[in-house]
Amino acid sequence: MTVGFAFDAGLAVLVLGVAVWTIAARAAFAAVVGFVTFGLLLALVWVRLAAVDVALTEAAIGSGVTGAVLIGAAARLRPTEAASAAERPGAAMRLAAGALSVLVALALAALVLFPPDPAPTLAPQAALHLAALDVGNPVTAVLLAYRAVDTLLEKVVLLLALLGVWSLAPDRFWGGAAVPAVRPDSGGALVFLARVLPPVGIVVGVYILWVGAIAPGGAFQGGAILAAMWILSMMTGLTGAPEIGRLPLRLLLVAGPAAFLLVGLAGFAVADGFLSYPAAIAKSLIIAIEAALTLSIAVILGLLVAGPPSREPRHRDAGHRPAGHGEAGR
Amino acid sequence: MTATTLFGLCGAALVGLGLFGVVVHPQPLRKILAFNLLGGGVFLLFGAIARRGAAAGMGADPVPQAMVITGIVVAFSATALAVALVLRLFEATGGASLNSDPPRTEPAAGPDG
Amino acid sequence: MSALGNFAGGFVTVVAVTAGAFFFLAGTAGLLRFPDPLTRLHALTKADNLGLGLIVLGLLPRATGWLDGLKLIAVWLLAQLVGATVTQIIARVARRDGGTA
Amino acid sequence: MAEFLLIAAGFVLAMVALGLARVLRGPTDADRIMAAQLLGSGGIAALLLLASATGVSSAIDVALTLALLAAFAAAAFVRATARPESGDDGRAGGQ
């Protein structure tokens, strides 16, 4: 048994321990904190699995931004916990659920223990065209060139999720902004941090985006870091949440997918088809798309965390949205 | 046993654990947490598969890695939407029960928007 | 770098990393033994500041380029800034709640 | 040297795990949020050690990301705990 394996075994036990805590903890808040630590540990696991791109994503999104959403929700839902506890399913139900879960886990474990022998891999195919794309990071190449259509659709999913969140707002708030909970007692220290950290965060975010062409990093990770800085500044009330009816905001939201789509359609004219890039400028195109995507991702993630609007739009007629009159239909 | 197998097994166990939590916990927020654990387990399985596919000078097969990155982002957006739904439910009814006929919560479900 | 330099660098690494690990041990001992949130917070800062700082110091001689070295220092500085802020705001909440949940 | 660094990373992680077991149990939420902070710095240290031990220098970027986002859990916590017990005016005098 090598030192490396001992480390990995300890890490795996720790991950499972924190996961059990997340399920078993009595208070929801304790479970959420358990989940945040789970995300941090997963980032370590991804480094051990030689997937640093994933580790970056997990550190930024899986743990950081998700944690912010869940912790806020747990604190607000605390009054409901006692009532829900009475709805716990009976022993028979829990036993059945346990049996099902064990069965599923065992089946998956069997898959892990008896995998197909020449391990299936697309790595050689991915490596084949890396030089032509002039992109050193194979994961970026997969995300933005080989399987670019997946990434495009994923951006659409993000937008749809944001529309879903917005649509939860009562009609009169449509086009308004989410009210940031400005708490004077959250202390000068946090406000200080929210002033000092974003400049550093923006540099790191752009660096992660830029380095993504040759090393782990890219639009998702960079965008998530930028979003995090924006969220921090919204949390402390330094910047208000934007009104969702504003046209510039909407344009920013669709900028990434739109740029992607335009380049994709141009592929019909100048290359072999949808989302295929002319070899000479493939790298420049990829970086341009990534830059637009990063901005869109940052804005979408930030707005997802801010939540549905909870304030009436300031200039109601400036919004000129027919949806603003939805109440008349009731 | 290799580290890859180890983390694969860890992923399988996480899927089971998450599934159990999704079924058993009555609180929607706990279900969301459990669902995210389940997702983390699935991602780890992908990670183990990617690591096994190391070839051509790469530490791991990039295709499953890219899928996991996409998955993490989508899981986050689903989580944010689910949390927003639960919070809206709480605002509208004062509770967060998924029970269709609440046995003994306040019956004041009338005057909401 | 000369062999002597290599040796000196390795020496610094071993000593500083060991010392850093020791402060993580001290921080955990404090977390386990101290009676209330504010004192536990005090223990936590030892791991934060000294533990991480010493480990970064120990890893600096092994950095493979100036950018890596710069990033290591940046990580430590960021952790200092964030750690100091976070402990302060947690302490405020702990004091406000008066040690009750 | 690589083995030494790996052992150090394991040691730091073990210490953090012990501390985690203590603070996650509470009793106060302030204790619990310490768990995120503790694992934040411990995780950063372990990542840096791993990066140096295995020569994967891009893991430093992961540590950098963690360091940037380490304040997030605590910031959300402070913001959220201020909300339920005080309305919009309750705490304003505490500034």
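Every chain is named by a letter (A, B, C and D) in the order it is written, and numbering of its residues begins at 1.
Here is the rule we use: contacts are C-beta pairs under 8 Å (C-beta built on N, C-alpha and C of every residue); 3 or more make two chains touch, one makes a residue touch a chain.
Owing to the predicted nature of the structure, the values given are computational and were not obtained by experimental measurement.
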| Two chains sharing the most contacts, counting C-beta pairs only | A-B
| Going by the average position of its CA atoms, which chain sits the greatest distance from subunit B? | C
| Just curious, how far off is subunit C from subunit B if you go by their C-alpha centres, in Å? | 32
| query | Just how far, in Å, is the C-alpha centre of subunit C from the one of subunit A? | reply | 28
| note | In whole angstrom, the CA-centroid distance of subunit C from subunit D equals 11
| task | Mind checking the centre-to-centre distance between subunit A and subunit D? Centres are C-alpha means, answer in whole Å. | result | 19
| task | Could you check subunit B for residues that touch two or more other chains and list them? | result | none
| message | Where in subunit C do residues touch at least two different other chains? | response | 74, 78, 82, 85, 89, 92, 96
| note | Residues of subunit D that touch at least two other chains are 26, 29, 33, 40, 61, 64, 68, 71, 75, 77-78, 81, 94
| Which of the chains are touching one another, listed as pairs? | A-B, A-C, A-D, C-D
| remark: Within their complex, subunit A touches subunit C through residues 185-187, 189-190, 192-193, 196-197, 200
| remark: subunit D contacts subunit C in the complex at 1, 4-5, 8, 11-12, 15-16, 18-19, 22-23, 26-31, 33-34, 37-38, 40-42, 44-45, 48-49, 52, 55, 57, 60-61, 63-64, 67-68, 70-71, 74-75, 77-78, 81, 94
| Along subunit D, where are the residues that touch subunit A in the complex? | 3, 6-7, 9-10, 13-14, 17, 20, 24-26, 29, 32-33, 35-36, 39-40, 43, 46-47, 50-51, 56, 58-59, 61-62, 64-66, 68-69, 71-73, 75-84, 91-92, 94-95
| Okay, in this complex, where on subunit C does subunit D touch? | 10, 13-14, 17-18, 20-21, 24-25, 27-28, 31-32, 37, 40-41, 44, 47-48, 51-52, 55-56, 59, 62, 64, 68, 71-72, 74-75, 78-79, 82-83, 85-87, 89-94, 96-97, 99-101
| message | Per the contact definition, I'd like the list of subunit A residues that touch subunit B in the complex. | response | 4-5, 8-9, 12, 15-16, 19-20, 22-23, 28, 31-32, 35, 38-39, 42, 45-46, 48-51, 53-54, 57-58, 61-62, 65-66, 69-70, 73-74, 76-77, 80-81, 83-89, 93-94, 97-98, 100-102, 104-106, 108-109, 111-113, 115, 119-124, 126-127, 138-139, 141-143, 146-147, 150-151, 154, 157-158, 161-162, 164-165, 168, 170-172, 220, 297, 300-301, 304-305, 307-308
